[in-house]
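Here come two complexes built around chain A, the first alongside chain B, the second alongside chain C.
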Partner chain A sequence: MTQVPAPRELVTKPRLSDQIFRVIVTAGGMSSLIILGLIFAFLAYRGFGVIRVEGLGFITNSNWDVIEDESSNIVSQDYGLAAMLVGTILSATVAVIVGVPIAVFSALFLEFYAGRKIRSFLIALIDLMAAFPSILFGLWGFLILMPSAEYWAKLLNKYLGWIPIFDVPAPFFTRSPFIAGLVLAIMIIPIATSISREVFSQTPLDRIQAAYALGATRFSMIRAVVLPFGRGGIVGGAMLGLGRAMGETVAVYTVLNIVYQVNWQVLFGSGGNIASLILLKVNEADREEVNALMAAGLVLFLLTLVINAIANVLVNRLGKTGR
Partner chain B sequence: MTDINNSGRDESVQTPGESKEMKTSTTPHSLADVASARVAKAPGSTTLGSGLEARGVHAWFGSKHVLKDVTLDFASGTVTALIGPSGCGKSTFLRTLNRMHEFIPTAALAGEVLLGGKDIYASGTDVTKIRLRIGMVFQKPNPFPSMTIGQNVLSGLKLAQLKVSNTDDLLEECLVRAGLWTEVKDRLGEHASALSGGQQQRLCIARSLAVRPEVLLMDEPCSALDPGSTFRIEQTISELSQTMTIVIVTHNMQQAARVSDYSAFMLSDGGPGELIEVAPTNELFSRPRDKRTEDYVTGRFG
Partner chain C sequence: MTSAISQNPMTPKPGKPWEPTLKERSQKILNFFISLGLSFVLLFTTGLNGKLGWFIAFFISFTVVSFIAEFRRAGKPAAQDSLLTSVSRFAITLAVIPIVSILATVAVKGWRGLHWGLFTQDMAQATVNDPIQNGGMLAAIVGTLIMVSLALVFTLPISILTALYLTEIKGKFTRPIRFLVQAMSGVPSIVAGLFILSSVIYPITGERTGLMGALALAILMIPTVARTAEEVLLLIPNDLREAGLALGATQWRTVAMVVVPAVKSGLVTAIILGVARVIGETAPILLVSGGGESTNFNPVSGPMGSIPYYVWKSFQLGGTEESSQRTWAGLLVLILWVLFLFTIARYISSRSQKR
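Right, the complex of A and B next:
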């Protein structure tokens, strides 16, 4: 009958300096959460009234009308985000479809093919691209890219027009979600590249060597070892890029033609996204319309949150099988 | 054993069963006893497998000279152990034999390595074909974790884009030769990470056998394994040596004595590693010609 003693309570009393440092570090760590929480609370507070009035129609209806009489009294107002929501999803999807493969190829090039000098040069260049002002991407997209992209859009329409989303109701190809998506693609390449490259560079050397020792070519080694290992990173980079593309304002505002009509036809010059709508309206809006824009911001906020949550789940699930 | 017709050397031929029995019944008193229990196979005593010859091999990492003028023959169908203290260049030397050395940035090399009489470093040589003929097993088991056990064994075919008509037979044959078949035959669809370390290492051996190499290089294949798994892999080596040329780097001199026909002792005196002595294993352990070899094999240093 030996008696089992109760576990002792272990107390470590940290020094004062450590306690102070702990407070500082904790404050730093929590600050982003607090700021994000405050923004969310602010958007919800201002936007709640509008969402309550509009109900589900706020995301299914695509009119954005404020009708005033001569003395600037509001006669009627109607807010719906459907067109902008579709435009957001469409242009961001184009961006991911075009941008992510380019990013993955450039990450593979940098990690496995590039010589040391060109590698460090290109990495610096891509980092620079990430910090490049988005209005310049927008201007370049509008002035330089659009004329060529219009030709590609026409080609796509000519040969793939039988697929509904490549069809157009009228031959009007400029300022379309497709072209906005191309500009966004260029903007998400840096982040998608650097995340994929980061993950590829962590591929265990012994696995790479095992593949080479079995007579693998560089290509077959990448397919059998690097891509399975880096899958999670590719998806994570794509999702971060998607989040960035959905939230992008200025570049889209410059390129896209904002039309309050749901348009699923990616090549047709009509659309807009939520962020560019806010930018367009916020200066001349009265208080009620600003509230509606806040509600739109809330929708965008939640959409990005959901995308990031999905990204996390995918990264965790895919990450396991390849490692 | 039909490939051996030299009756004077019949005692050197061990069937897998006999070799196992002998190992378990022998209590080794000294390395020389263990080594002399095996009689070295004569060069060319088997017809399968190609011989490998290193001719004046030097190796550098950047400006550091790590391997100096190693000339060593690996006759076909023999097992050669490379022994020596850490840092003597034996792993580097092994990696020059199938051109894995050049993966390390700044690595450089001089000399020739001849496979079947042809220099594997000659310009115009397809390095992937060389590595198909000279397989390698690494220190740490490194199966591909994204693949199943079966896919791992056959992965070399996919990696080198080889076509094989009956992969089921090949799969079974490789796993049998690596001594893993009975343990995994009912779980070929499981992921390789479900296996123990020793099983993973035998899986890696099976994987390198699937592309039918003529030479197998093993870089301390048992150093991460427990004695039971080590024993199984040594058995596998004996069985494989019937049909191929094997070069094994080992820190374990008992192991060198147990599995090899020839042993090569390498040493670095602070400078580049050099080949000190090569001899049939029983001779190297019982009558080393060089004082430094004797000091090492008797455990006086290293």
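Right, the complex of A and C next:
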């Protein structure tokens, strides 16, 4: 009579020290979730009252008025973000339209044209530019870029003025969303370049060499191999740049003439964005207006979060496309 | 034998057929001069003017001239190729021009505002429009140093634990956490300031201090440090971890004594890049740290100055030659910090690559 032995236990239990280690590291790993959740919770908690009163009008109205009587009691208040939302989208769009093509072609140059020494030097230079503080871009844009950008704005207006967005109600070209967009374009070039370059450098070498072996020129190789492969990365890099440009505060505040009205005309010197509105108002605002600014911050936070999420999905999904 | 072959008139001399011939080279030089001439013609006949205008005119004419020349030499494919070459050269030039211009502007304008008192005096007894010898950046430099180091103290454990979670634990939340860290790096800096304002300053402390600035900076710093640390941890070969486990070490001892020492220089690079990212942050500092004129060593009470605040105030309140000199001197000090940190980071990473 044979006794079947009980099966040996295969699972080893981690020791106590490892269990503690795992708990601590997991807790630390959750911190980004906790911080993002807290940001959302606190901004929503502060801004909820304003959003509830204003409803959808908080996004579609374009009045930001606090009317006080002599003893500074608030008589009426009205908050609508539309003017600044338009300004945010306008300047960020200009930034992407100007900055991303420059960044993509620069990335092509760095990856496929430049010699080794020039390449590493230029990459270091562009990485350094990514670390420049935004206040530096703002002041440089205000003092150095503005005069020549104003000239380009006038040129655009002269020849393309018949298109409604390039028209201006009055010949006032300085401190316009167009110039703010140019400064933002310069600010997003480093990040868009480095992401496109990274994506291009992951192009499988065998496909590149196969294209050359079939007699392709560099142009036809890039068009047939590199661009289809890196399309998602280019779009993702552009959207990351868009997110950066939407959230930028100081550079826009310095360059742009902040006027609270809806302005679609890129070349006209008036506008603003959500971040610069917050910076402009927050130190003099009373309790209720601060809550409205928190709600504005919440809108900005959610907007950039969504754009960044889409961008990251696009960049990370890379490698499954292309021929 | 060899000499016989080389003297044989039938054997062609070894050539380099990929090198451009004299004709092609002279064609290129000719293209350059034709487009140089054409650019000046464009400059005088159209609305373009100025240095940048000349640059654009030259680019357009060079592109067109080389396009035509290549088309005549080798047809459409070669012409398209030359078009892409000129466009990408143009793009990289456009990308580099602002960097050079910014560095040159800061160096030229900031140089005049530098004096020794900048590092020994603060602005308690001076306004931004005073003669440049009165007052300096002591309060700003001290404040920035304190806030950035405090921010580093908050950032370091959190971001290294995050990186370790992503590379060592590999739990089921790895993908979402990696995604959230990436999303966090896109949080606008002003939102970080608003968050500290709404969560700590209004309900609890009621005072704007250096500690609040440090907290806001930490939020911006965590994703940068965590992502760089994750990247260097991913470079560690799995063999090292397996070797540690095979010797009977527990996981935590493997991480503490094998993995982390192996990436020490990479972690230093991550920290430096994080510091470079936040040292010039202006918007959150303006919201939460108060911005003091006198030197304040205490981060938990009283407003604290910082270099970006110093620059901002000189720019906003000024209008005189002195205030402009102060602004640019502050920016020069700031950019020198960034350059310094950046050079160290590159030096460390290049040294660790060689080993």
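By our rule, the second predicted complex is superposed on the first by the 290 of 323 C-alpha atoms of A that agree within 3 Å, B and C clash if a C-alpha of one lies under 4 Å from a C-alpha of the other, contacts with A are read in each partner's own complex, and residues count from 1 in each chain.
Here is the rule we use: a contact is a pair of C-beta atoms (placed from the backbone, for glycine too) under 8 Å apart; a residue touches a chain by one contact, two chains touch by 3 or more.
Worth saying up front: this structure is predicted, and the values here are computed from it rather than measured.
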| item | value |
| --- | --- |
| Which superposed partner A:Val225 touches (first chain B, second chain C, both, neither) | first |
| Touching partner for A:Ser31 - first (chain B), second (chain C), both, neither | second |
| In the superposition, chain B vs chain C on chain A residues touched | C |
| First, second, both or neither for A:Asn63, with chain B first and chain C second | neither |
| Which superposed partner A:Thr217 touches (first chain B, second chain C, both, neither) | both |
| Touched partner set for A:Asp206, first chain B, second chain C, both or neither | first |
| Which of chain B and chain C A:Gln261 touches, first, second, both or neither | neither |
| Chain B and chain C footprints on chain A, overlapping residues | 217, 220 |
| Interface residues, chain B side, partner chain A - complex | 98, 100, 103, 105, 128-129, 131-132, 135-136, 138, 140, 142-147, 155-156, 158-161, 204, 207-208, 211 |
| In the complex, chain A residues that touch chain B | 116, 204, 206-207, 209-217, 220-221, 224-225, 228-229, 321-323 |
| Chain C-touching residues of chain A, taken from the complex the two chains share | 14-15, 17-18, 20-22, 24-33, 35-36, 38-39, 42-43, 45-46, 101-106, 108-110, 113-114, 122, 124-129, 131-137, 139-140, 143-145, 148, 151, 155, 158, 186, 189, 193, 217-220, 222, 240, 243-244, 246-250, 254, 275, 278-279, 282-283, 290, 293-294, 297, 300-301, 304-305, 307-309, 311-312 |
| Chain C residues touching chain A - in the complex, by the definition given at the top | 47-50, 52-53, 77-78, 80-81, 83-85, 87-92, 94-96, 98-99, 101-102, 105-106, 157-158, 160-162, 164-166, 168-169, 171, 173, 176-177, 179-192, 194-195, 197-199, 202, 219, 222-223, 226, 250-253, 255, 273, 276-277, 279-283, 286-287, 308, 311-312, 315, 327, 331, 334-335, 338-339, 341-342, 346 |
